[in-house]
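After this come two complexes, each holding subunit A, first together with subunit B and then together with subunit C.
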Partner chain A sequence: MSSLLGTMSIAMGALEAQQAGLQTTTNNIANLNTPGYTRERPVLQEANPILQSGIAYGTGVKLCGIESLRDSILALQINNETQQQGQSQAYVNAMSQAQTLFPDDTSGIGQAISTFFQSLNGLSTDPSNLALRQSVLSAANGMASAFNGAANQLSAQRSSLDQNVEQDAGEVNQITQQIAGVNAKLAGLSNTSEGYGSFLDQRDDLVQKLSGLIDVSVINDGTSITLTTKQGALLVADSQSFALSTALDPASGVQHVYSQGSDITGNISGGALGGTLQARDQTIPALQTQLDTLAGGLVQALNTAHAQGFDLNGKQGGNLFTPVSGAGAAASMAVAISDPTLLAASSDGSTGSNGNLANLSAVANQAVASGMTPTQAYSNLVFQAGGAVSDATSELNASNTMLQQLQQQQASVSGVSLDEEASNLLLYQRAYQAAAQAISTVDQMLQTAIQMGSGT
Partner chain B sequence: MNAKIESASVPVPPEVRALALLETLRALLAIAIRAFSRGEPVNLADVSRDINATAADILTLSLNLGRVQLPPEVQRRRQKLLAEMRQQHAFCCAMLRRWRRSILLRRQLFDLASGPAIYTEAGWSCHE
Partner chain C sequence: MRISPYTQQIVLNALSAADQSEQTALLQLTTGKRVNVASDDPSAAAREVGISSQSGDCDQFLRSIASISAELQTADSALSSGVTALQQAISLGVEGANGTMSQQDRAALASEVQSISQQILGVANLSYNGKYVFAGTADSQPPYVAAAGGIVYQGNDSVNQVEIEAGQSIAVNQPGSQLFSAAGASVFQALSDLATTLESDSSTTDDIANATNEVRAAYDQLNSARTFYGSTLDQLNASQDFLNTEKLQLTQQSSDLVAVDINQAATNLTNAETARNAALQAAASVGNLNLFDYLTASNGH
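And then the complex of A and B:
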């Protein structure tokens, strides 16, 4: 049999439930413009009925918790895309600087090579002219300087990227510590607790930031999350974070990244760290190798041609450039002679002969590096540096576009809709008013019952 | 009317036609990029067909042109168009890869696929 007090209890439960609804709706409205906020809603459930004399009486409503409206698949996609975006952005930034070292216009190495061969042609008109000989040496020095400058700047850029690696690893550690802290807070709360959704939002935000720095895999066990890199290096487990460390690798001379003592440098592929490592360890060294090959090949070919001729003193030509080969050839390229009379322009030892200048000029059309002429080899360098930037820029644009689309989808799931919240507000208000009216009515009925009792 | 017939019968030099086809291809790729950027896959099938047809025309014409020395201005314009289209093509491929990956991920996670589908970057290359 139902009782007035039971009815009062149902109405009180209803008040509590509608109040929770109102609070959730108000919180949603308050966070309308908060970035990363996920819309919440109260989870209401009908309370278990009680059976009395074969009749089931309802016992009101039960507030089971406040749930955040999240799409875990979208979150996963956003994290993956953020990793790609971070990777592409860091790579484009690094390679855009490298690209400027290989211009295809009237400057840089390409122009210096042309100027050198043009100076040889100039000298052929008057091979004993000291001023023209000096201009050949100046052009040779200019060419060597252009190679030195590009090689040194590539090295400097690699060092600068090395610093970025250390900074990025430091940032990763800060974020993983924060995530571990949020995990610890969440472990102490149930999903009905106030602020639970806020902590989830905080953690999602931190994971997204982390994704921008390194490739991350998220393993979610409902409350806590475990984070690893894509290759399995542990970053966060429950409330514990595992810091990355960096140390100078003696073999390569650059900073390597370690996770719990293991070198994971080669396994990092995503995020800013991935992009920086790709530029530092793959693309820039490849450009350096090509530049060295071109410098070494050009020096060798020019020295060989120079040695076939005779200088103004009638002596056999020596090295025009200091012999260089292999790694560091471009950086150490230097003209071996400073005296213009030592330039071996003559093919027979006579001062008026320009025969050997033809041999030197022929190097311009000779395969000196990987089967390519100097100009072709340089054009190849320009193309490779430009292509790397162009492809990465396309990837970056695609990542930006995709992220925008994913975030729009996420907003439709997790974002706050004012229309919906306004309608909810009205709904909870009316339900609250009705529950309050029910309490008032029951109160009056109780008064009547008490008066009836006192009257007898 | 006569003027029209007359102008239509004027033979267009192959290099000019090739350039016009490249411009068409660039415009088609721009439409594809717009569809990708707005997240509207509906138009892509039609545009894709047009792109393929234009690309085939360009290939045929290029084979016919052989080693004809193009005027420097045409060559410059051609190179500029090719560089621009290289970027457009790379963007389309990158977006296509992402959309496919997105669809496959949903399928895998919802277990809608009949069996486990293995995703590989190579398998989804633009040239398949």
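And then the complex of A and C:
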């Protein structure tokens, strides 16, 4: 047999539960446009019934907590795709700049090489003509400065990527510190606690931001998470974060990234940091090496040909270009002579002979760099620089599409729908009204009972 | 299944995709190029480097041909006047071999022959743009000078080659040693011999005829060596035609590789604009209403 006071207590519980519902709904609506917000709902349960004389009486509703509706597998996929996207984006940004140094049209190194060989053909029609000789020297200077310009700009781009590496590492440290802070706060809360969901939201958001910067593995152990790079360098463990540091590597001349003293530069594969490092440490150096090989090979072949001839004074030809080879060849390429009479066009010492110009022109068809002619070697550079951007752009587009889909999927689980909230609001309102009505009814009944007592 | 309530993100994605296609199509239309940076089509860009270089080479070959042609024409017309002068010398020799001529008349013929020799010396020492055309490659000084034993050649036998098509070179000069002072057919020696023979009292008509024949031999040599200029000029003309055709073909190849199909780009632009408008319209009609609108209305009364 139940009591009026028991009924009153059920109705009070209902009020409390519906109020909690109303509060979560209002919170959802309030956070409609908050990035990273995960919708919440009250977890309501039937309270345990009480048994009296073999009859089970319901004891109303129990508020067990507030849950966030999140899909951790989706979050993981989003993090992975964000790493891929961050990597491709940073790489495309870096290489888009680099590829402009290798144009396919009427500018740049390719054009300068052609112009030089064309000027030799022009001189061959009148080999003692000083104006034509001067134009060969101008074209040679143009070719050298085209190589210098491209090499210097590649170095400059590498330095600016080096600054990006430092900035990215700094941002990683800020975020890991914040995540450790959130971990510390979560450690003191149970999953029914007020604010638990919003801390989780904050942490998810931070982990996703971190994924845009570096490759991250998430190890979830209950409330706290441990973050490492894919290669296992520790970033966050519970409430402690482990900062990355950068220091100049004397051998390579660029900033290397260290985690707890060990060099992890070569192991970072994802996020903006991964993409920047790939461009800085692999693609651009490969282009630099090819450019240097081409410059060195071209200079050597032209000098060899030039030394076979005689200048306008009948003297054996010296170096046309200052000899260069190996790393830095393209940056230091320079014409060795400034006096047009020193150009060794003659093959027999007579001033009117153009015989040695044929030797110089023949270099255009010689394998001067890795088995390729100068123009082929330059075409190859254009192909590689363009190909790097083109491939990475395809990957970036794929990542963007994938990420959009995943985010839509996540929103379908966690996003706030105003329709839904409106109908919930209505439901909680009605239930609250009904419970209040029940209380008022019980109250009247209690008064009746009290009056019944006073009347006797 | 629950549907994502964030429709605006879908609209934004669609808008950004449409913007991107629109931008690409616009860039292609304004530049006329499909490949604006190497990454648009790396292999086409790489091949374009070679084509652009070949096309530039064609331009240079054409310029070289123009400058060689001018020089060859000058040389050829000078030689033509030299040949005419030699014909005149032969006529003088034939006239001198006539038995009825007095010694005084022959002396007059001899002085005419000497002046012809001077005229041809001028031809042989022709200079063009400051260099001596018939001096081989020793072209900074006149090839023929008067010396004790007569007029001597101080040029050399070298011939310059100039590349006029990719991989094809031609000789562009004929040294004086082939034209005016070939072994056994020296123009100046023959003229000098003829003049001396005409002047000499002891010369018979046979001597004069022999000296005239020597001039004939020199004439034949000059006339045949001179054909080099005509045939080289013909070859240059042929190369010029070839190079012009080649240039057209290269332009066509380049256009096939990197130029944009204007119709295609224009269609792409229209499509992108249509997609953009559709996305905007969708954005305008979606998400305006939700349940709250109706609840407020029903709570109102």
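The working rule: the second predicted complex is superposed on the first by the 455 of 456 C-alpha atoms of A that agree within 3 Å, B and C clash if a C-alpha of one lies under 4 Å from a C-alpha of the other, contacts with A are read in each partner's own complex, and residues count from 1 in each chain.
As a working rule, a contact is a pair of C-beta atoms (placed from the backbone, for glycine too) under 8 Å apart; a residue touches a chain by one contact, two chains touch by 3 or more.
Small disclaimer: the values here were computed from a predicted structure and weren't measured.
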On the superposed three-chain arrangement, identify whether subunit B or subunit C touches more subunit A residues.
-> C
Between subunit B (first) and subunit C (second), which, if any, makes contact with A:Q111: first, second, both or neither?
-> second
Check whether A:L418 is in contact with subunit B, with subunit C, with both or with neither, and answer first, second, both or neither.
-> second
Is A:E81 touching the first partner subunit B, the second partner subunit C, both, or neither of them?
-> first
Tell me which partner A:F383 touches in the superposition: subunit B (first), subunit C (second), both or neither.
-> second
Applying the touch criterion given at the start, work out whether A:G197 contacts subunit B, subunit C, both or neither, answering first, second, both or neither.
-> neither
Give one of first, second, both or neither to describe whether A:N354 is in contact with subunit B, with subunit C, with both, or with none.
-> second
Between subunit B (first) and subunit C (second), which, if any, makes contact with A:M402: first, second, both or neither?
-> first
Using the superposition on chain A described above, determine whether A:T393 touches subunit B (first), subunit C (second), both, or neither.
-> both
After superposition on the shared chain, which partner residues are touched by A:N121: those of subunit B (first), subunit C (second), both, or neither?
-> second
Once the two structures are fitted together, what part of subunit A is touched by subunit B and by subunit C alike?
-> 390, 393, 408
Partner subunit A, residues of subunit C touching it in the complex = 1-6, 9-10, 13, 35, 37-43, 45-50, 52-53, 56-57, 59-61, 63-64, 67-68, 71, 129, 131, 135-140, 156, 158, 160-163, 169, 172, 258, 290-292, 295
Can you name the residues of subunit B that touch subunit A in the complex?
-> 36-37, 39, 83, 86-87, 90-91, 93-95, 98, 102, 105-106, 109
Residue ranges of subunit A touching subunit C (in the complex, touch as defined) = 96, 99-100, 102-106, 110-111, 113-115, 117-118, 121-122, 124-129, 346, 348, 350-355, 358, 361, 375-376, 378-380, 382-390, 393, 404, 407-409, 411-413, 415-420, 422-423, 425-426
Quick one: which bits of subunit A touch subunit B in the complex? Just the residue numbers, please.
-> 73, 76-77, 81, 390-391, 393-395, 397-399, 401-402, 405, 408
